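Two complexes follow with chain A in common, the first pairing it with chain B and the second with chain C.
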Partner chain A sequence: MTTSSLLEFARGPLFRLSFAILILGLGRIIFLEIWGIIKAYGNTCDMKMPWQLIRSRSLEWILPVKRMMRNRDVYSVVSFLFHFGLLIVPIFLFAHINLWQQSVGITWPALPYLWAFWLALSTIVFGATMLIGRMAVKQMRFLSKPQDYFWLILLLTPFVTGFICANLSINAAFYQFIMVVHVLAGDLIFILIPFSKIAHCVLAPFSQVVGAIGWKFPSGADEAITRTLDSPKG
Partner chain B sequence: MKITTITQEEHKKAFRSVKKPEVIQKQKLNVRYHVEDLDVSDRPRKFLEAFAIILKHSNYKMVLDHFIRMTARCSRCSVACQVYQATGDPRDIPCYRSGLLLDVYRRHFTLGGMLKGRVTGGGYLTDEKIQEMADSFWNCTACRRCVLECPLGLDHGLITHLGRYILSEIGIAPRALVVSTRAQLEGPFKNTSAIPVPALKDTLEFLEDDMFEEKFVKIKFPLDVDGSDYVFFAAVSDYLTEAESLMGIAAVFTATGDKWTIGTDYFDGINYGLFYSDRVLERVVKKVDDETKRLHGKKILIGECGHASRTARQFVPAYCGGTQALPVVNIIEYTHRVWKEGRLKLNPGVVTERVSYHDPCNYARNRWIVNQPREVLKSFCKNYFEMAPSGENNICCGGGGGTVSIDEIRPYRTTVGGRMKAEQIRRSGCEVLVAPCANCKKQLRELVEDQGIDCKVVGFHDLIYNAIEFDDSLKVARDEAGKEAK
Partner chain C sequence: MNRAKNAKLVLWILAGFAAAVALNRYLFGLGVTTNLNDRTPWGFWIGFDVMAGVALAAGGFVTTAVFYIMKREEFHPLVKPAVLTAFLGYVAVVVGLLFDLGLPWNIWHMIIYWNPHSPLFEVGWCVMLYTSVLLLEFSPVPLEEYSRYAKIRNFLMKYRFVLVLLGIMLSTLHQSSLGSLFLIMPERLYPLWYTHILPIEFFISAVALGLMMVAFETLVSHWLYRRDPETVLVGKLCRVAAWVLALYFVVKSFDLGITGKLGLVFNGKWQSDLFIVEIAVSTIIPAVMFAVPRLTRKPVVQWTGSFMVVAGMVLNRIDVGGLAMYDSTASYTPSWMEIAISLGVVSAACLVFLFVLERFNIWEIKPADPESMPQTAPSFDYSSRSWLGTPDAASLARHSLAFVLSFALGMGMMSGKRLHAEGVDSIRVSPATGIDTLCINGNRDDQYVEFSHEGHIAWLRTHAISLTIDGVVHTASPSGGDSCTFCHHLNLPGEKVSNCAECHTSMYSEVDFFRHGWHASAVGANLKCDDCHATGVTRNAASAKKCTACHRGYDFAPGKGAAGPELYIPSYVDAMHKLCVSCHIADLREVSSLSQTNGGILSGKDKSNLAQCASCHRTGVPPELRADMKWQVKLPHYDNVVLPNVGVTVK
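Here is the complex of A and B:
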C-alpha cells in the first residue's frame, strides 16, 4: 500500500468507521449514564433534588472563571486553554470543514487563518506544558498512569502534524507521510474516546447529578443485605 | 491557604501505632485505630462478596461506573485536602484514595477489567491492598472539601464513605464507633454514651436550677410532652460536656414559648452510620423518626451537631417516607428564624472578645447553614470577624468523618488532620471560636490545647445563653428566686 492510498483509506473508510464508533460509543455511554441515573433515582424515596446547587456547581466548572483562579492558577489556565483549543481547532478549521463539504455537503463558519494558527500553536504549547507538568510535579507524577501520558501524546499528535503540514514548507513525500500520521492519529482518538477517560467530554455535565443521587440511599437496604447474608447462597 | 508539612518527629507522633504487636499479628492488620477481633481468613474474597452485596442493594454502581469513566488524575484536589497539605504524602491525595477502591471495582466488577486481569494475570485484590484501604480511608476526615476543587465534579467523600462501609462489613471499623453504635442500637440505654434516663433527668434538673439562679427565669427541659412542635435530639455527649449549649437552646425556647420536648425513649442524635455503615445509618435514622412519631411531634429538631443534622436532614426523607417524611430542622435554623421574627432579644454588650465562626463541614459544604449563624452573631458580638476561607470552602477542624471519636488517634488529628485549621486560628488571632457541632468542638478544643493556641472554643448557643434577654413577664423577682432556690 502506497502512502497516498493509505492516506485515502485513513481519511475515507477508516475515518467513517472511527467517526461512527465515536458517535455510537458516546451515545452508548450517555445512554448508560442516563439509564443508571434514572434507575438509581427510582430506587430512592427521597425525590427532592438540590437543583440549584447542581446547576451552579456544574456551571462553575463548565465555565470555570470563578473556580479556576482560586488554586493552582497556572495549571488551571494552561489546562483550560488546552481544552479550549482541543475542541475549537479541529471543528472550525477551514481544511476540515472543506473535507466535510466535499464528502457530505455540509458546511459551517471557519476560523480565520491567523486565529487557527495561534490557537493550534497554543494548544500544542499548553498540551506540552501539561505533559511536562505531569512528569515534573510530584503529586501529578505519582497519580499518573501510563495512559495519562499516552493520551496527551496522542492528542497532541494530530495538532503537531497538522501544524507542520499547514505552515511549514516541506517536500511532497514528507507531507504525505506526516498527513497519514495526522489522519491515523485522529482516527485512533475517535475510536478510543468512548472507551477511555476522555469520555469525560460528554459525561462531565452529569457529575453533580450523579453525586447528588449517589447520596440518596435506597430504603430497606439494611434488611435486604441482612436477608442476602442469611440466605444459604449468600 | 498554604501550610508547612509535618516534620519527621511529628510524623512519628501522628502515625504511631497504639496496637500491641501480638494484636497486629493476630488481626493481620496494622492500622492506627483499634479494631474488634475479626475473622482474618480469606479476607479479599470476603471483601469482594461484601462489595457485591452492597452493589446489589444500593446506588453505588451508578456512581462507580461514572467515576471509572471519568477520573483524569489531575491532582487538583490535592490543594484542597488538609491531610495531604500536612503530610505531603501523595498517597493522601483524594483522587489516589478513591483510586484504591475504583481499581478493585474496575478489576473485579467490570468486563474490561476482568478480561484485562485474565490476560495480564494481575490486579487481584490482596490483603495488602485491603490494609492500604483500611489505613487510607480512615486518614480522610470526610470533609468533602476536595469535591469543590475537582474540575470533573467527582465526590471523593462518597467513595471514602463506600470504602469504609465495605471494610466494616468484613469487620474492619474503628472499635470506638462500633462499640458506641452497639450501645445505641442494642444496649439498655439506647444511646452512644450509655446515659440512663434517670441520669439524664438529674442532669437536666441540675441545669434548670443553674439557669434559674443565673437568669431568674424558669427555663425547662420538657420531657416526653405529647404533640410538641419540635422533638429534640442532641448529640448525646452534649448532656455530659456541652451544658451551656443545651442551656442556650432551652433559653431560646423559653423566650419564644414554642413547644419542644426531649423524648426519653430515644434521645441521641448521633449517627455514626454516616462514617462507616449505611446499615447502621438507616437503623439510627429510623429510631429518630420513630421517637418523633411516638410523641406525635411535628418536626425533628437536631441540636448543635453537624453529622447528626446532616444525617437526619438527608436521610429521614430517604428512609422514612420521602415527601411524606417529617421535616427536619437544625437548632441554628430555628434560632435564626425566631431572631429574625423579633422573638429573640440579644444583648449586644455582653460578648466583647474577638469572635469568629467555624463552619462545620456537614452544615456548610452543601451551602445549607452558612449565613444564618453569622447574621445572628454579628447582631450581638461587637468584635465579630470572618476567617478565610470560610463558608462553603471552610477548612475542616480535622476531626471529621468520625475520627474525633477515636481517642487513640488524637495525635494524628491534632498534628495532621487539624494542622491547617490550627494555622488558620493562629493567624487570625481569634479569641472565641464558635463551633456549633459536637465533633468540631471536641476536636478544636484538643487542637488548640495540643498546638498551644490561646483560643476558647464554644458552641453557638453558649453565646446566645450569655446574651439572651427575657421579657419581664418571664422573670421571677430576685427575692422570690432566692426563696425558690432554697
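Here is the complex of A and C:
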C-alpha cells in the first residue's frame, strides 16, 4: 500500500467509519446517561432535586474562572485555552471545510488564516505545557494514569502534523507521510472518544445531576438498611 | 447459550448496518445505493420487500379466517402471533417502499389523486387499509395492559368480527392484484412466470405461504425462548398446506400445459432452471413431505418443510418482481446495499416482534428475560470490567453498541466514489483564460492556478519525460516531434488542441464525455441510428460501433472508449491533479539536477512546495489577466467561506 492510497483510505472509508462511531457513539452514551438518570430518579424516595444549584454549578465548571482559579490558576487558564483551540481549530479550519464542501457540498464560515495559525500554535503550546506539567509536578504525576499522557500526545499529534503541513515548506513525499499521520491520528481520536475519558465532552453537563442523584437513597433503602443492621451477621 | 439474547444482538447489528445505508440512500439518492436503472426500475426491493413481504404477512388473514370464520378453536394460540406478524410485515412493506420510491414524500398521493384503472392504485389502497385494520385487530393486546383504555379495548373486541371480515376481504383483493401488476408486462416477464391467471396463482400461493409462515414463525419463536414447540398445531397447519400446495401445483401445471409452455420448463436456459428450483423448493418437495400425516408431526419435517415453502415462495415473488426477465441483457444484480436495507427492515420488524412478545400477552405466559433470572451471571464491560447494571441496562448498552459499530462499518463500506460523484451538484467547468500564461479557475472561486503554457512548451522541447497515469504510460521527447499531445491527449474532431474543459466538463464528478444527443441531432453529426447501432438487436452502447471506427487515430486509454458502454472520464479536478501533480512529483526526483527556471515554471526549489495546495492555487487574479476575467460571475457555493490567504469573505 503506497502512502497516497493509505491517505485515500484514511480520509475516505476509515474517516466515514470513525466519524460515524464518534457521532453515534456520543449519541449512545448521552442516551444511556439520560436513561440511567431517569431510572435512578424513578427509584429515589426523595424526589426533590436542587436544580438551581445543579445548573449554576454546571455553568461554573464549563467556564472555570470562578471555581478553578481558587487553587490552580495557571492550570485552569492553560487547560481552558487548550480546550478552546482544540475545539475551534479543527471545526472551523478552512482546509477541513473545503473537504466537506467538495465531498458532501456543505459549508460553514471558516477561521481567517491568521486566527487558525495562532490558535493552532497556542493549542500545541498549551497542550505541551499540560504534558510537561503532568510529568513535572509531583502531585499531578501521582494522579496521572498512562492514558492521561497517551491522550495528550494523541490529541497533539494531528495539531502538530497539521501545522507542519499548512505552514512549513516540505517536500511532497514527506508532506504525504505527515498527512497520513495527521489523518490516521484524527481517525483514531474519533474512534476512541466515545469509549474513553474524552467522552466528558458530552457527559460533562450531566455530571452534576449524576452527582446529586448519587446521594439519594433508592426507595425502600431505609428498610433494607434496618434489616441489614438487625440481622445477626450485621 | 442464550438464544434470544444472541438473536437480538445479530438483529441489532443488521439493523445498524442497514441504517447506515439508509442514511446514504436518503442523503445521496438511489443512484448511490442501488443498481437500479431506467431499464430495471423495479428490482430486489419490489420483489423482496413489497411482494414477498405482503405474501409473508398472509398468515394474518389465513389464521383469522381459520379461527373466526371456520371456528377451529384449537388454533387460538397462533392467532395473536400471526396477526402481529402480519401487522409488522405490512409496516415493513411500507417502510421498504419508502426506500424504493424515488420521491417517498409523495407516498400519500394515491389517497387524493385517484387512478382507478391501475392495479397499483388498488394495491396501495388495500395495503393502507389492511395495515390500519391489522393495527385495530392487534391493539386490544397491548391495550389490556392499561386499564384506562378499557373502553376502547372493549369497543374493538366487540367489533373484531367486522375487522376480521374486512381484513380477509382486503387481503384477498390485494394479494391477487399484486399479480395483476405484472399482467401489463408480458414483454418483460419470462413466459414461464407470465400467465393470465397470475392473480389467482398469487392468491393460492399466498395462502400456502401464510400458513407456512405462521408455522415457521411459531417454530422459531418457541425455539428462541426454549418453550415446548406446538408440534400438534404446526402439524395441522402442514397438512392443510399440503392441500393448498397441491392445488397451486395443479393450477400452475394446467396453465403451463394449456398455454403450451411446458416445453419451456426443460429447455435448459437459466430461467427454466430457476423455475424448476423454485417450484421444487416451494411446492413439490414440501407438498410430498406434508402428504404423509405421520411425517407432519416430526419437528425436522416441520422445520425443513415450512422453511422451504417460505424460501421458495419468496424466491417466486423475487422472480416475478424482476429477476426472471425475458431479456437477459436487462437483468440486473442487486447491490449489497439493497440487500442490506432489506435485511435491516426485516431485522427491525423481528426486533419489534420479540419486544412485543416479551412485553405483552402474546403467549399465555410472557417469556421471562433469561438475563434477569437469578442464576444468570451479571454482565461486565469488556474494557473497564465494570458492572453493566441491571439486565435491561446491560442489554441496552450492548445492543446500542452493536448498532453503533455496525452502522459505522456500513458507513465505511459505502463507495466513496459514488458518494463523491453524487455529493455535489454538477458544477460546470469554465475553461482556462489567457494565452501564454493561462489562468485556470474552473469553478470560478477566485482561487486560480497560474499556468505558464509557453514555459511548459519550452520545457517539453528540451526534455524527455515519461509518466504513468492509471497504468497508461505517456511519453514525450524532444526527438518525438509534437509534444503537445502529452497534455492534450485527446482532441475534439477538427481541433488540433482542445481545451481540457471541453471534455472534463464537470468540476468534481465523473462525466460521460460521449455526446449521444449531439451525434444524433440534425445540427450536430446528423447520424441515423443505424449508422452506429447494428440492426436487429437492442440498441445500446454494446451494440454500437466503436468510436475509433469513425474517429481514426483516437488514442483512448485501454478499456475506456475503445468499446463498452461507459465512456466515463475523471472530473476536472481529478484530471488536472493527475496530470500536473503526477508529472511534477515524477520530476521531483530530478530536482537537484534541474536548477534552471524556465519561463515561469516552478523552479526546482519551488517544486518541493508542490504538496501544499497554495503553491499552485493562489488567491486573487493576476493583474495581467484581470481584463480577461471581467465577465466571470461568482458562484454562490463559496459565499460563506473565508479564504485563508487573504482573510476576506468572498461575496
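The rule we apply is simple: the second predicted complex is superposed on the first by the 220 of 234 C-alpha atoms of A that agree within 3 Å, B and C clash if a C-alpha of one lies under 4 Å from a C-alpha of the other, contacts with A are read in each partner's own complex, and residues count from 1 in each chain.
Definition applied: contacts are C-beta pairs under 8 Å (C-beta built on N, C-alpha and C of every residue); 3 or more make two chains touch, one makes a residue touch a chain.
On a predicted model such as this, the values are computed, not experimentally measured, just so you know.
Within the superposed three-chain model, A:Lys39 lies in touch with chain B and with chain C [touch as defined at top].
Of the two partner chains placed around the shared chain by superposition, neither chain B nor chain C is touched by A:Val74. Looking at the shared chain after the overlay, A:Gly105 reaches chain C, while chain B stays out of its contact range.
Judged by the touch definition given at the top, the superposed model places A:Phe94 against chain C, while chain B stays out of reach.
Look at A:Phe217: by the touch rule set out above, it reaches chain B but stays clear of chain C.
Number of chain A residues touched is higher for B, counting chain B against chain C.
According to the touch criterion, the shared surface of chain A, contacted by chain B in one complex and chain C in the other, consists of residues 32, 36, 39, 195. Residues 20, 27, 383, 389, 393, 396-397, 400-401, 403-405, 407-414, 416, 419-420, 423-425, 508, 573, 584-585, 588, 608-613, 637-638, 640-647, 649 of chain C are the ones that touch chain A when the two sit in their complex. The touching residues of chain A, when paired with chain C in their complex, are 12-14, 16-21, 24-25, 28, 31-32, 35-36, 39, 94-95, 97-98, 101-105, 107-114, 116, 165-166, 169-173, 175-176, 194-195.
Of all residues in chain B, those touching chain A in their complex are 53-54, 56-63, 65-66, 69-76, 78-80, 84, 90-91, 93, 95-96, 99, 112, 147-149, 151-155, 158, 278-279, 281-283, 314-315, 317-323, 325, 366-367. On the side of chain A, the complex with chain B involves touching residues 29, 32-33, 36-37, 39-40, 43-48, 50, 53, 57-58, 61, 64, 67, 71-72, 75-76, 79, 137-140, 142-145, 148, 195, 197, 199-200, 203-204, 206-208, 210-211, 213-219, 221-222, 224-226, 228-229, 234.
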